[in-house]
Amino acid sequence: MPATVPCVRLSVEPSLVATDYPFSHRIRVRFAETDAMGIVHHSRYLLYLEETRVAYLRALGHPYPEMRSEGVDYAVLECFVQYRQPLRFDEEIDVHLQLASATRTSFQMSYLVTVDGEVRASGVTVHGCVTAAGRPTRLPQWLGELAGA
Amino acid sequence: MPATVPCVRLSVEPSLVATDYPFSHRIRVRFAETDAMGIVHHSRYLLYLEETRVAYLRALGHPYPEMRSEGVDYAVLECFVQYRQPLRFDEEIDVHLQLASATRTSFQMSYLVTVDGEVRASGVTVHGCVTAAGRPTRLPQWLGELAGA
Amino acid sequence: MPATVPCVRLSVEPSLVATDYPFSHRIRVRFAETDAMGIVHHSRYLLYLEETRVAYLRALGHPYPEMRSEGVDYAVLECFVQYRQPLRFDEEIDVHLQLASATRTSFQMSYLVTVDGEVRASGVTVHGCVTAAGRPTRLPQWLGELAGA
Amino acid sequence: MPATVPCVRLSVEPSLVATDYPFSHRIRVRFAETDAMGIVHHSRYLLYLEETRVAYLRALGHPYPEMRSEGVDYAVLECFVQYRQPLRFDEEIDVHLQLASATRTSFQMSYLVTVDGEVRASGVTVHGCVTAAGRPTRLPQWLGELAGA
């Protein structure tokens, strides 16, 4: 997406090197996530990225349910996925995650999906901090600091 | 995404004007598509875009199941979604679709999601033509011509 | 399920004759609803039943979102599905629905899923009326009357 | 369901005592599995039961993907779920599984879903052994023996 379009916040390029990512989370592909092409349906990857985000926040000591109960939520503003090689039923995938950048009210995460070290997909999600009423609000301080914002 | 990254094929910018799109398809939001934020989960938008692609191909006289039975499939190579305003249960959404560009073996579609004319989301999907065995193959002639490739 | 088990409320037997059902709703199978067996995944049928329930309540003049905004919700207490013949991508299915029975706080609906008049599946769902806080409450009067409770 | 209906194979009553089940599998609830009622959507339970079945077969040394590659598949013929207490985002659920009964060509599994020992749901699935072409076939010998058929 052209960088000149102000409404497109997505700007990071996910690294294809797993060791560039500080966090990873393993997920086994469910049968229900496949489709009639015999591979994982492209929409399911977003579930894997989300599960990994939640695991990452938990590992940081800031579990997502706790944040939600404190009235801060992370709306997904944009997502991008590149499908490089299909995923199949019962494969164990490693989703690598990096907090990529942040502004006062939003942050980006990039992802690499591998199986046995082989790259299968990469992606980026852009999130905005919102109140329970859905209004944009500042990132929690720890998150801004973590992102170097 | 920077245009200098050759592996990223996604290059079109979805118009935010519904009348720029030659095709549209109406879908009513299912309760099962919402999440605990009370809005449609971000992953479900990909289901709406896919349903609209299938409706578009049917309207063109080239139903997708027929193409699959002839051994050509359309793998999703990339997707991008921008979430502008949430969708809610039972809303009737119009997904507008445009065949945006094509190469010899791939094509892009752009999408605009509106409710009562109000923009809620936009998106792009990039597809590659593959054989039943998963190997890249040429676009069907009619599709290439349609895309002006 | 044995009728002697008090906690199992499900008691109706869905008719296999479409004309026994006063309401029906047409749905086209999405590609994302198939699985690697090439047929619709068994979990998706519950989405079809739910979409049909919502359409039924709307047709009755009691749209579900309106009821929810008035503080009454319909928790699913039990479900049963019998899969007779598979459903496939792009098939147009007719989901027939009957309000089968009701107690003071719960009701049952039975369903028949057909394609071109051929039976594919049948099912039953049991629902309890609950307040926004999740406590059981009485059925709305119109619903109790409709069910002959 | 009345036992007099021959087409309904489902006949077992899931125990509500976790220690009655020889196998259990832990799953953490994904955010995407919740709905606008703030709890896990009733259709997702079938995904948990399926993931547990797959884990069970793997633990028995008969991984499901291997069986599928040998041309035997397990079609779901019926399912029943009873929802007792809701599941919420991020909860860790234990799905307990028991191979409940078998005939020459079908078997039943019963399930209990608990969180910290508290019962949340129970269920039964009925499966038929089918060939790749979808025709009923005999259970593998080990499975029949395991079920005491």
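By written order: A, B, C and D. Residues from 1 in each chain.
Everything that follows uses one rule, which is that a contact is a pair of C-beta atoms (placed from the backbone, for glycine too) under 8 Å apart; a residue touches a chain by one contact, two chains touch by 3 or more.
The shown structure was predicted, so the numbers you read here are calculated from the model rather than taken from an experiment.
Counting C-beta pairs in contact, the pair that comes out ahead of the other among B-D and C-D is C-D.
Using CA-based centroids throughout, the chain positioned farthest away from chain B is D. Note on chain placement: the centre of chain C and the centre of chain D lie 21 Å apart, centres being C-alpha means.
Averaging Cα coordinates per chain places chain B and chain C 31 Å apart.
Each chain gets one centre point, the mean of its Cα atoms, and the points for chain B and chain D are 35 Å apart.
Multi-chain contact residues of chain A, defined as those touching 2 or more other chains: 31-32, 43, 46-47, 50, 89. Chain A meets chain D in the complex at residues 28, 30-32, 46-47, 50-51, 54, 63-65, 89-90.
Partner chain A is touched in their complex by these residues of chain C: 31-32, 34-36, 38-39, 41, 43, 89.
Taken together, the chain A residues at the contact with chain B in this complex read 1-3, 5, 7-8, 10, 13, 37, 42-44, 46-47, 50, 73, 75-83, 86, 134.
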